[in-house]
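First subunit A sits with subunit B, and in the next complex the same chain sits with subunit C.
Let's turn to the complex of A and B:
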C-alpha cells in the first residue's frame, strides 16, 4: 500500500517534469512565431525614419547636420558602416562603437557639449533619445551586409582583449560574469532562451539582431543599452554609456560575429 | 507634433493591402509615474483611411490598442499609383495625416 502510493507519487512527479520540458520547447517555438508575426509591422521603422531626419537636420551651436560624420568608411558614408564597428579612429585616437562615434561627431561637428550629447541616451515615456533614432537608421543601412570588424590597429586588438577579459570576469554581489549566463547552451532567464556567446553561431545570432524594438518596453534599444542592462541584471556597477569598458566588450562580441549577415533593427519580446 | 506614419500599400489581384505604423504613446490612464501620479489617458480615438479621396476604413479605437500601433487592412479595388491617405485623431485633439501611393 505504502510502496504503491510512493510509486504513484513518483510517476506523478515524472509526469510534471516531462510536461515542464515540453512546455519549455513549446514556449521557445511560440516566441519565435510571435516574433515572426510582429516582424512585418516592426515599429523600429518609426525610429529609422526619425533617425534619418535627425542625421540630415542642422543642429547644435554650429547649426550643421551630421552628414559629414565619418563612421569609418569616409565622411557621410552610412551604407554598411555598422558592420565595421567598433574600430580605431585616428582623429579621436581611440576605438569607438557607433554610439561613441555619434557622440564624437555631435561634439566635433555640431559643437554640442559632450555632457549634453551623452545625456539620456536611453529613451523612455518622457523623452525621446536622438541616439537611439540615429542608431536605428544607421544600422538599418547595414542590413544584409556581412559583419567585418577589424583587428588591425594595436588599440583594436587591445579593446578585444579587454572585452574578452570583462566577459569572463566574475564579480558583484552575485559573483556573476557575462559567461555565467552566456557561456553554455540551453540557459535561460525565466522563459527567455539565452544565446551562448562563446560559440560562433551564438555570438553571430545575438550580435546581428541588435538593435531591436522591445515590445515590452515600447522602445528601440541599442547595443549600449543591451550591455548596460546586462550589467544591471548582474548587479555590477553601472556600465557608463560609451565608456572604454563598454566599447571593449562590444568589440569582443562584434568581432566574434564576423562573417554573419547583419539583420537588424530586429523585434524582440 | 506627432512623428510621421509609415504607410505601405500593395495591390494583389482585385484587392489592396494597406499596412500602417503609427507613432503614439497610447497611454491607458491606468498607469502611475515614478512619483505615484496617474499618467493621464492619451490615445488615438479615430482612424480613417481613404483611397483617392473615397473612405475605405473608419475605426474607433480605445486604450486596449498597443503603443506605436500597427494596422493592416484590405479593401476591394485599387491600382498602382492610386493615393492612400490615413488620418488619426487622439483624445487630446492632436491629429496626423500621411499618404502614400499604391505600389
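Let's turn to the complex of A and C:
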C-alpha cells in the first residue's frame, strides 16, 4: 500500500523526535507542525490557475466556455457555490455534486460527449485532469464561506438518507463500512488520525479541507477521489465517478459539515 | 433466517399502515435499505480482483449494517456470535500455534484483496493498522485494543491459544458487529497464516510478550 509505506517512512522520521510516554502526543504535534509548514505556498494554486483558465476557455464541439454553467446560484456564479453542493437541479432532475454538475455543463453547454467528459477524472504522471483543475478553482472561490447544504427538495433528503445508509453499509472481504474507520473519536490507522464523520465537528473538519493537494502523490485530489480511494481500501469494487452512491455519500457528509467555514483547497501529506 | 424475515414483514406492515394514515414523509427503513442497496449496485464497477459480488452482504454484514454503529441488542448479538462460531475451521492437527516471525510479517503487510493489489502478490492482515503489538513498532493504529503482552497477561494456556485462533479466524464469533475482519472465514488468510499470527500473540518468545 503506497499510503502505508509513506506513513511508515514518516513514522521513522518522527520516531527520532518521539520518545517514551510522550511518543503519541509528540507525534501528533510534529505532524501538525509539518502540515502548518506545508500550508505556506500550496501547489494547489497551480491547479486553481489552470481551472480558472479552463472555465473561461471556449471548448467542445460548440466552442463555448463554461461561464454560463449554473452551479446553483445562477449561470456563471462561482463565488460561494461549492458551499451549497450537492443540491437538486431541476434541469438534470437529480441531486448533483460539483463534479457531476461540471460534467452536466460540459455535455449540455459545450456539447462534449458524456463519456469523454467523465474520462480520466483523476490525474496522474502522464495525464492532467480538467475536472481536478476546475474543482480546484471553483472550490477556492468558496474559501471562508460557511457550508450551507440544502435539504429542501425530497430528492435532497433522499440522497442524504441513502448516503447515511451507505456510510454504515458493511461489505466486501473485510466487512468494512465507512463507519469502521470513521465512527469513533480519537482513532488512528497506523499514525494517521481518522476523523469521526458521525459527529458535526469531525465532518466539518474533514469536509471543509477537501479538495487537497496530496504531497505524497503530487496531485490535487477532489472529494470524488477521496471517496473512490476509501472504497478501494475497503476492498470494494471501484466506485464509479459521479455515481449516485458517490453523490449520496457526499450529500450526507457535506450536510453534516454545515455551519463550518470552507477552507480548501488544502494541503495534506 | 425465518425470525428475521418475520421481523421485516412486520416492519413492512407497520410502515404500510403509517402510510395509510397519511404520515409518511420519509421512506421507512426497509424501503430505504432496498433503495441504498440498489444505488450501491448501480454505482460500482468491477476492477481487478474486486468483483461486484463484494457488494452482496451475508446475514452478519446485513444485520450489523442496520444497527448503524449503535450497540446490537443482546439477543441479536448472541445469534450472530453463535452462527459465526459454527463456521470456524479448527485445525485438524489440533495445533493452533505457528511461527511468530512469519506472523509478524503478516501483521505488518497491508497489501491484499484491494483492486490495486496484484492478485498473486502477498496478502497480509495489517494488524498494526489497528493494534499495538511489538512495542518496537511505533506506527500502530488504535481502532482495536493494544495486544501488547497478549499471551503473558492471559497465560500460555491451550484456552488462550484456541481463543486467539478462533478470534482471528472469525472475530464475529466472539464480538458481534466488531470492526475486525474475519480473516479465516473470508479467505483472507490461510490456516497456516492464522496460526502464524496466533504465534505472534501467544508465543513466549514473541516480542509481543517481552
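Assume the second predicted complex is superposed on the first by the 248 of 269 C-alpha atoms of A that agree within 3 Å, B and C clash if a C-alpha of one lies under 4 Å from a C-alpha of the other, contacts with A are read in each partner's own complex, and residues count from 1 in each chain.
Following the convention adopted for this analysis, a residue touches a chain if its C-beta (ideal position, glycine included) is under 8 Å from a C-beta of that chain, and two chains touch if they have at least 3 such contacts.
What you see is a predicted model, and the numbers here were worked out from it, not measured in a lab.
Novice: Quick check for you: in the superposed arrangement, does A:61 touch first (subunit B), second (subunit C), both or neither?
Specialist: neither
Novice: Touch test for A:218: subunit B only (first), subunit C only (second), both, or neither?
Specialist: In the superposition, A:218 touches subunit B alone.
Novice: Tell me which partner A:46 touches in the superposition: subunit B (first), subunit C (second), both or neither.
Specialist: So A:46 only meets subunit B here.
Novice: Could you say whether A:74 touches subunit B, subunit C, both of them, or neither, answering first, second, both or neither?
Specialist: neither
Novice: In the overlay, work out which of subunit B or subunit C sits against more residues of subunit A.
Specialist: C
Novice: Taking the touch rule as given, give the residues of subunit B at its contact with subunit A in the complex, in rising order.
Specialist: Touch list, subunit B to subunit A: 3-4, 6, 19, 21, 23, 25, 33, 39, 66-68, 70, 72.
Novice: What residues of subunit A sit close enough to touch subunit C in their complex?
Specialist: Within the complex, subunit A contacts subunit C at residues 1, 4, 7-8, 11, 14-15, 18, 23, 27, 157-158, 161-162, 164-166, 168-177, 179-181, 183-184, 186-192, 194, 198, 231-233, 235-240, 243-246, 248.
Novice: Give every residue of subunit C touching subunit A within the complex, in rising order.
Specialist: 26-27, 32-33, 35-36, 39-40, 42-47, 50-52, 54-57, 60-62, 64-65, 68-69, 110-111, 113-116, 126, 128-130, 138-143, 172, 179, 181-182, 186-188
Novice: Sort out for me which residues of subunit A touch subunit B in the complex.
Specialist: 40-43, 45-46, 49-50, 125, 215, 218
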